Amino acid sequence: MDVVTLIWLYILGLVRWLLHEAPLQVINFIRSLPTLIPELLKWLWDFIWFNFKPLAQIIVIPGLAFILLFAMIAVWFERKFLARAMLRIGPYYCGKRSGWLQVIADFLKLFFKEFVIPDDAEKVLFLAAPVLLPTIPALAITLIPFDSNWVLFDAGGLSLPVFLAIAGLAPVIPIFTGWAANNKYTIIGSFRTAYLYISGEIPLVICAAATALLAGSLDLVDIVEAQKPIWFAIPQFIGFLIFFVGLILEAERTPFDVPTAETELVMGWRTEFSGVLFGFTMMAEYLSFLGWTLLFIVLYLGGYLGPSLFGVPLYDHIFWMLLKLAVIVVIIVLIRTVYPRLRLDQTLRLGWNYLMPLSLLNLLMTLILKWGLII
Amino acid sequence: MQARSEEELVEELKREHPELLHDAIVHRSKRVSVIAKRERVLELARILRDQYGFTQPVSAGAVDYIKEGRMQMIYYLMNPETRFMLMLRVDLPRDDPRMPSMTEIWEAMNFHEREAWEMFGINFEGHPNLTHLLLPPDWRGGYPLRKDFRGEGITP
Amino acid sequence: MSFFKKLVKPFLVVAPYVARSSQTVKYPDERLIFSERFRGRHHLDLDKCIHCGLCARICPCASIVLVPVEGREGKYPQIDYGTCSLCGLCVDACPRGALTMTDFVEFSAYKRSDLVYSPERLAEVPDIKEVLPMLKRRIRPVLTDKEMKYEVVEEL
Amino acid sequence: MTEPEIKPEVMRISWGPQHPMSGQTRILIDVDGEVVRRIIADIGFTHRGIEKILENRTFIQGIVPIERMVMADTANIALGYVQAVEEALGIEVPERAKWIRSLICEMGRINSHLYAFGLQVECTGYFPAVFLWTTVDREVLLDLFEKLTGARWSYSFFIPGGVRADLPEGFRDEVRRAVEYLRRRFQDYWDAMVENPLFEMRNRGVGVLSREDAIRLGATGPVLRGSGVDMDVRKDEPYAAYGDLDFKVITEREGDCFARLKVRFHEIEQSLNIMEQIADEIPGGPVRTKVPLFPRSKPGVEALSRVETARGELGVHIFTDGGLKPYRVKINSPTLRNMYVFERLAELNRVLVADLPVILYSIDPWYLDCDR
């Protein structure tokens, strides 16, 4: 048989199939549709849920979008709020009186500005710092539970110590940045950072340990769940206050912004950064602020738990977390309008002489409380 | 040994230390001038500070009398008790303007003497740090407040 | 305990300020109404000027020069606003009141030579809409109370 | 200035002129860790040679350049010069003009003190509210200045023989209203700032200057009065209308930055009292005597006038030679004296790097005044 005959046979067969069998199959398919569609949707949902939920977490909450949005809103709010306290208007022309576009404009300006690397700087370290700086708090934020099953990084029941360990890495970078930039202001600023972190972090860790003790778990989700009867802010009032002060101290906000004291050290360890490098360090500041605030909410203010009426929680949702975050941010910005900066020695005295003994006292009280509960 | 009024102060100064000063004048109330001899001005200054209570230095500056060929260095001093302003004047020849530094007695004359040095070219012997104060360190244009100073072509 | 009281008190003082109206004048949109004596740029009445040149002599900044005007006799003052300090001594010195001061303070120009105002230019008073095209309303400073210090006037 | 040698164990930091808080000067500090071992003030960045400029201006023209010495406090500076000219030329001033001069001087003093106040707050950290509040409240005074003199900053309002114009219609009521307004505002300053415990921590016991040291080092103005010496030219040698006015010389014992701040704070209160007194009791009469536009001096006259500016005692010593211009004008500026005190403070106290801006702004430097 030659090729032409073969083709003809094939076409004939096709025509026969179309006339005899295809209509039946179409009818069958249409008949089975009502059962098929839910199956299809379920498959699609499972596919999205299992494959894209981590992706959504990475991108939306607590991922990049949330972090960037938080930094933007915080910057905008801070500028506008401070301006109001100073009887000014604040950003006005860029974005219809509210000035919200100003933040984006500033970000674009920082992004496209030329950045300068000093001649004598240690270039690798100098350039590594702005990259590493936002990474550490961002990594720590992944451990925060935004809902009972909304944890990006499962640390196997050890998320609190892992958080503290990661956050404890943060001061290392300012220290070697200050050295790498080869500037006198940066070196003084970096040493101040070292002093400050040590004095602030130890009370924080002790307070966090007390909450873990009270909850009986090192997992942040468990700690939140343990707050269902009552938020830890009440049984641990001393720890709550210490953690609040320590959080401002760790985030380097006024009145403890000693390492970047503008009136003394120009910009502290950040003096030599410009353009996009400076933008990254600024973002890192807001990120570490965000990270510590979230931990504060999780440990003391009941995380994602809603307000409970007679022990029955109303509705637990991410929304509560964000609301609490907003309240804390407002309070910390208000503190900035009201207080001047403390000196380094006064800050250290506060850390070692007051926060540290008080946090130990708090731990002791928690132990006694826990012991009493067991008995 | 406080003098009560301006006239008494001047009389007493003239009577007690005629070898140290040329003249002493009362301008008006609370304004006294003493014209000292250049060689022994340090002794007079020490007496003024320790015995007459002129412990507060105010300022110092010079005047260039080009026609008379002299420069006059004026130290403005203050007595915190009586609130008299005393002007201790020292006449210096214009071609050789040098005198002992007063920083030994009134420490705060440091800045003012540095200024007089760079503006008038008066040499203060024994000044701890006779460098430019207001003018740039590489200033080579002469002495700006002298009357024969011409501003052209001296910008460094 | 008084320490904590003191610690909290600044919050109570600062917090009401957040709700208070701001004191900013949004300049190109709003502009203050200046007082009667305000010393802005000059206005020259060409008919009153008697070419005496007192304004040029008394000017401390030497920014007034007498120049001839086309179609008129005598010389009239020309003011260089690059150096003028708006002290108003020329207005005081003028024996005939030919020079007066308006409340225009907008001098900006692209060239230095544009800051030199000829007598003809001084003689004309510009329209505010030409000087500030964005201007919408003016503001009158009033001292009423804590809340409000500026009162908005819609007229132009 | 050529730099002195550096010891090997210290680090020298050039603090300014490109620094957020240094102003137009360079301050070299030798630091050993956080402790400042030595302060070297390298002034002269804004030297304009005002003394030489004045030799080339007639007596009336000189008012304009000398006013540019301190922009926040032009009235007092101009008064020093004008009084010296009047004394050298033998010009009488009518009584009403003297009272108007006092009024403007006191308003200028409040203006300058408010500025100093705001800066001292600014340098203790960010603490942004109060600096802008003082700026807003200065507007009240500036509006008054504008109504009276026609300019908001450098008025050129005093001329030999009086002032250039009388008070405008209804001005006395406005002064009274402004005084009322400012008094009310100062309560907020006191509560938010002076009584703020953190602010007190930053200022108390910092940069202490004892009474003896203040006199020995030639401090002046609020720095001297903050150390407990009640020297005030307005009381010692009353000029303008100060002989007839009732006010107190404010002193504080401690001699630290906080004492200087409190001296300024209470001096503003005194100035407000004086403003009210003047508004109530100002006598009538002419405000200027006839003085030729180009007065000719007598040869060989000299006149030293002293006035109390916001920063301290200003002396203007005019020498004449019989021409239309002064032969020499010597200006004893207050900031130059206080800058020397600032230089020595590191030796008298333990000064930390963080205290440096606080101490610097507690002496209220105005570098244009310092460099002239």
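A, B, C and D label the chains in the order they appear, each numbered from 1.
As a working rule, contacts are C-beta pairs under 8 Å (C-beta built on N, C-alpha and C of every residue); 3 or more make two chains touch, one makes a residue touch a chain.
Keep in mind it's a predicted model, so treat the numbers as computed, not measured.
The chain with its Cα centroid farthest from the Cα centroid of chain A is B. Averaged Cα coordinates give chain A a centre that lies 50 Å from the centre of chain D. Spacing of chain C relative to chain D, judged by their CA centroids, is 26 angstrom.
A separation of 52 Å divides the Cα centre of chain A from that of chain C.
Multi-chain contact residues of chain C (touching two or more other chains): 10, 14, 17, 23.
Looking at chain A, residues 85-88, 337-339 sit in touch with two or more other chains. For chain B, the set of residues that touch two or more other chains is empty.
With chains as nodes and touching pairs as edges, the resulting graph is of another kind, matching none of line, ring, star or complete. Applying the touch criterion to all chain pairs gives A-C, A-D, B-D, C-D.
By the touch criterion stated above, chain C contacts chain A in their complex at residues 10-11, 14-15, 17-20, 22-24, 26. Looking at the complex, you find that chain D touches chain A at residues 11, 13, 19-21, 31, 34, 121-129, 131-133, 136, 192, 196, 198-199, 201-202, 352-357.
Interface residues of chain A, counted against chain C in their complex, comprise 81, 83-89, 92, 334, 337-339.
By the touch rule above, chain D contacts chain B in their complex via residues 1-2, 4, 43-44, 47, 49, 51-52, 215-218, 220, 229, 231, 236-237, 304, 306, 313, 315, 317, 319, 327-328, 330, 332-333, 336-337, 339-341, 344, 371-372.
By the touch criterion given at the top, residues 57-58, 60-65, 129, 136, 139-140, 143, 146-151, 154, 156, 164-165, 168, 174, 177-178, 181, 184-185, 188, 191-193, 195-198, 293-294 of chain D touch chain C in their complex.
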